[in-house]
Amino acid sequence: MNSPESSMKQSGEVAAARPSGRQPVIVLGTIGHDAHIVGSSVLRFAFEEAGFRVVFLGAVVPPEEFISAAKESAADAILVSSMYGMGRIDCADFGDKCKEAGLGHVKLYLGGILVTDPEHWPETEALFKGYGFDRVYPPQTKAETAISDLKKDLGLSS
Amino acid sequence: MLSGIDLRMKQWDWDYFLSERRKVVGLWPTGKQIESPDSIAEAIAYHKAQPAWKYASLRNEKAEKEGRIQIVPQVGHALVEQTVDHIKHSEDLSPDRWYVLTDTYTRKSEYAKAQDAVDRSRAKGFSYLNGYPLVAHGVPGARAVNEATRAAIGTDNNDEDARLPWEFALAGGWTWGTIKSIEELIQHSRDYPVDKNIHNQQYIDRLAAHFTENGVPILRRASANLPGWDSLGFKVTVALLEVLLSAAQGVKWIDLSLGIGMNLLQDVAAIQVLRKLSREYLDQMGCNDVKIFSWTYFFLGDWPLERGQMSGQLAWNAAVSALAGCNGMFIKSPDEASTTPTAAGFREGLHICGQIVRLIADQRLPDSEDLSLERNMMELEVRSIMKRVLELGDGDFAIGGARAILSGALDTMFSPYKFLKSKVKVVRDRNGALRYLDHGLMPLPNEVIEYHRSRIAERERKENTTAGVNWIIREATWASRSLAEEIAARE
Amino acid sequence: MLSGIDLRMKQWDWDYFLSERRKVVGLWPTGKQIESPDSIAEAIAYHKAQPAWKYASLRNEKAEKEGRIQIVPQVGHALVEQTVDHIKHSEDLSPDRWYVLTDTYTRKSEYAKAQDAVDRSRAKGFSYLNGYPLVAHGVPGARAVNEATRAAIGTDNNDEDARLPWEFALAGGWTWGTIKSIEELIQHSRDYPVDKNIHNQQYIDRLAAHFTENGVPILRRASANLPGWDSLGFKVTVALLEVLLSAAQGVKWIDLSLGIGMNLLQDVAAIQVLRKLSREYLDQMGCNDVKIFSWTYFFLGDWPLERGQMSGQLAWNAAVSALAGCNGMFIKSPDEASTTPTAAGFREGLHICGQIVRLIADQRLPDSEDLSLERNMMELEVRSIMKRVLELGDGDFAIGGARAILSGALDTMFSPYKFLKSKVKVVRDRNGALRYLDHGLMPLPNEVIEYHRSRIAERERKENTTAGVNWIIREATWASRSLAEEIAARE
Amino acid sequence: MNSPESSMKQSGEVAAARPSGRQPVIVLGTIGHDAHIVGSSVLRFAFEEAGFRVVFLGAVVPPEEFISAAKESAADAILVSSMYGMGRIDCADFGDKCKEAGLGHVKLYLGGILVTDPEHWPETEALFKGYGFDRVYPPQTKAETAISDLKKDLGLSS
């Protein structure tokens, strides 16, 4: 595993571009007032190890910042983490905002602990897909799952 | 970041407090309920009509005398009725206090958004909020919650600016709540000025002290609710600073609560060191009359989704707390990993932890060479950081604490706070104790650094690997991984 | 009661064993499956074809090397399919062994009734039996259960006469089981002759030893599965005697398992004393090649009905076991207080205890003055009883053990056995450690008696009551009482 | 609490007869091959304290022994404990046996952990009432409950 000497919260160094093709880029962070940064940190290291360039925004990130970072980095995907239960409000128009910003082609993934009350997962999933996310993950989804999904969605594997 | 306000560790003038207060009560319309200058006296009168068991402070004293370990669950939903129902659901289990978490909007002083979410919650019949909106429901709400139970009600509202919520808590008859003067930004903030945050907490301390001076013994809880992956010595230092800052404002009753790391010896050592040094520093400040109590806060790290694993982890946290002989524990529920805790969940948590307390009763971890070594090392660590804080503050812990956070003298791994150095790296040793792999810019004595290194080296030898970020990442999900999946991967 | 047979602690002649065996296999028609003289060799061949992980003995050795703590759940229903389903339900959690309890009829050699209950269970689709009828299902049944899992299968059939069930266990490829040469009658019997019971166990030991001599390392578990209210020193003595009796027959792999009393220090002391003295006495007998391992058996006392309390109690038993650093633990399930354990129940038990083991990992209770005092007192106690046993047996532990039970040198409170003195009274001290209020006729050194008394006196002072039968009666439901009801009664 | 100096397993001394009326008598024990003696021991002390004469048979008691003890002592009630799960078989004809022995007037109580598989309590209760027991108790019933029921059933209280 590559072990960046940077601090645990800032964006890591760009991993060497993969030999063939452009290195895929993701923007990653925890949305809204949400301070939970550990889960996204785990994702960040796993995606870097898997060969992605990760623009890591840390926690307490306004939706707009995800969008501007995705534009700047020409990201292939935005991965949003929401842990603190306010995702229902924070994420309500995220898909629309991305489209408005011309990011309609960017994959939108969401994970964490999305709602405050115990809820049947398919309902939660449907709710957030309705907000424009391509994939929505239940609590404690492993980084590997998202990596393999994203590789598939970006046509990097089948 | 510093805003440059004048920050000192000395008690505020009451007039200064009152001038600040006029701004605070104007932050949101419900503030009208308490804007009159008489409102404080009225609140004090309400408190005084309460029986002794409504006071967390007096409960502490009684429980300590009886050698009884207190148990405190948490609660907080968008509506008063939801919150009251949740509390009532466990009233027969007689928790000593309820720990009311406020919602994120209230914490972030976004009172309009909180009100909006209350309206939506009422319309939809569920909770849009991850906590109880103390400001939106004002004094009537706080009193309704308070009067729903025999337990002592307290608040954990402590984000950047918790002044208005605290006004409602005290007006509502709540008798205790959390201090986060040092740790707050490290935990929840991106870029708030650290001196202003401490200043806001001084406001709350001054208010609590005023109640106490007037015969209403309000208790403040120095939380060190920092993530479960943090160094214990760091947490002890943070809590100690918070204790001193509160005492300086005149607070007389303080919980020393410590987030459990889950290594029994290290947790017990930390609890003992925090108690010893708090007493020592308080006495040096002339605060011999400040009463302190030892508490734990359950592991603030990864909890498993699987219910059996979850029960085991809850029980272990309770066992560590009881074996440490602390006065009480802030527990979690089996819902921890999946939702905002439910009423049924906390009932189960109370049963799990209550049974542990019953079984352990007066059993304590006996002193031993291993324990005393751990304690000595931690004491060296804390004293050394405290010395630096005082130097940084030119003899003042308030501004020193602020500068310590910015300069890396106080530092930790996972934080959203932009101005924290975040150069520290902490890993677990073969016993699960937390050790500095990299102490960044923290002023640790060499002996301590060597001690931590040697413990890490033991695990390196045992596992035949090298400590590094890969350990940290793996440990982020150490406790929560599914046992079945782990076994499948091993085989 | 003694039947007067010739009982000595020396290895049986193989021919004597074979002559006994001819009677045993005739006890029930399924015995035909193993009546041929070749059947033992055939069973040994079946065993030899099994991989190393089917052997409880080798698993012990491997786990000890890796410092891993093993977890063993229990199972046993009327039908093979029910039993296999139960096992499969937790296969992904990879328990190290399964502990198969047989049903009461099989235990009481009432094989016809067992067969009848099997037929009824098959007809009705549920289990009429409180365990697995090992004799009724014979070799095919035992092998089917064995082949259903990667775990090492063993038996707890050990009532007055467990010879035939053990024949089936070993023929079925099961690699371990319990010894109850001393404790059996105290636990389950009304009036069986104590010398005959020991003799029956010698049969099993001799059979296990024969397998071992032939390259199949069968493990015997000295259980001391005595009630959770019994003195720990008494349990250690019982286990120690059972270890020696088995070793004398040639058994080479022995678990020293000890029923937990739930006081951490006392349980750890007991585990340490049992290990130390077992090694010492074995070596003195020239049995340096007998391998011993430390195990716990979860509290055999009152378990709460309430699920949360139950989870807490399970976790505490697991924590004590792990902190003691034992090689493994025999766990219970959340169904303990209400039914024969279900498959789902044991899955949950495995999760609760597995999480505790993960969290505690290499953490051990460090040595301390308190622990060493407890250990020294217990060692004095055990040595003193062992000396008396040897005197009673004129230098022989087998007949001495039998006479000790009848004369009150080995004695305990709650037993159905008519010929036990039952003069002993044991109560808990303020830490929940078990203390002799009355040691009856047990030959305890004065120092030990005083020590126990002084601990009882501490609790008397604390509670301002006098120890007596009322304590014993109250403690019979100490752990199981509903927390809510207890609180209601207090208030 | 009276604390008999006798061993924990034999029958205790007869408590002083109550001033008015005959002292009520119960026969108590654990049935069949069942070795669990602690629960019955608890009941024994509680009933003695409540003024009953208790003929305590201990554990591993054949049904016949309950009956003969009840006859001999002119018992008012027989309290049967069954903990080990075989009650379904052990108790199947207990009521009939008692009637045959001329003990039709004797109250029959049963408690413990009556069945091996998780079962809906009303079913279990009905099953054992069908076997002739007047009262059937779920696991961990307190002695006080049975004492107050028995006093009622014997007309000693209302």
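To keep things simple, chains are lettered A, B, C and D as they appear, and every chain counts its residues starting from 1.
By our rule, a residue touches a chain if its C-beta (ideal position, glycine included) is under 8 Å from a C-beta of that chain, and two chains touch if they have at least 3 such contacts.
Computed from a prediction, not measured in an experiment: that's the story for all the values here.
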Common touching chains of chain B and chain A: none
Distance from chain D to chain B - Cα centre to Cα centre, in angstrom: 54
Computed distance of Cα centres, chain D from chain A, in Å: 67
Whole-Å gap between the CA centroids of chain C and chain D: 30
Separation of mean Cα positions, chain C and chain B [Å, integer]: 45
Numbers and ranges of chain D residues touching at least 2 other chains: none
Contacting chain pairs - touch in the sense defined above: A-B, B-C, C-D
Interfacial residue positions of chain B with respect to chain A in the complex: 77, 103-105, 107-108, 113, 117, 126-130, 187-190, 227, 229, 301-302, 305, 335, 337-340, 342, 413-416, 418, 420-423, 425, 468-470, 472-473, 476-477, 480
Residues of chain C defined as touching chain B within the complex: 92-94, 262-265, 304, 306-316, 318-319, 323, 347-356, 358-363, 365-371, 430-432, 479, 483-484, 487-488, 491
For the chain A and chain B complex, residues of the former touching the latter: 1, 3-4, 7-10, 30, 32-35, 37-39, 41-42, 45-46, 58-60, 84-86, 88-89, 113, 115-119, 139-140
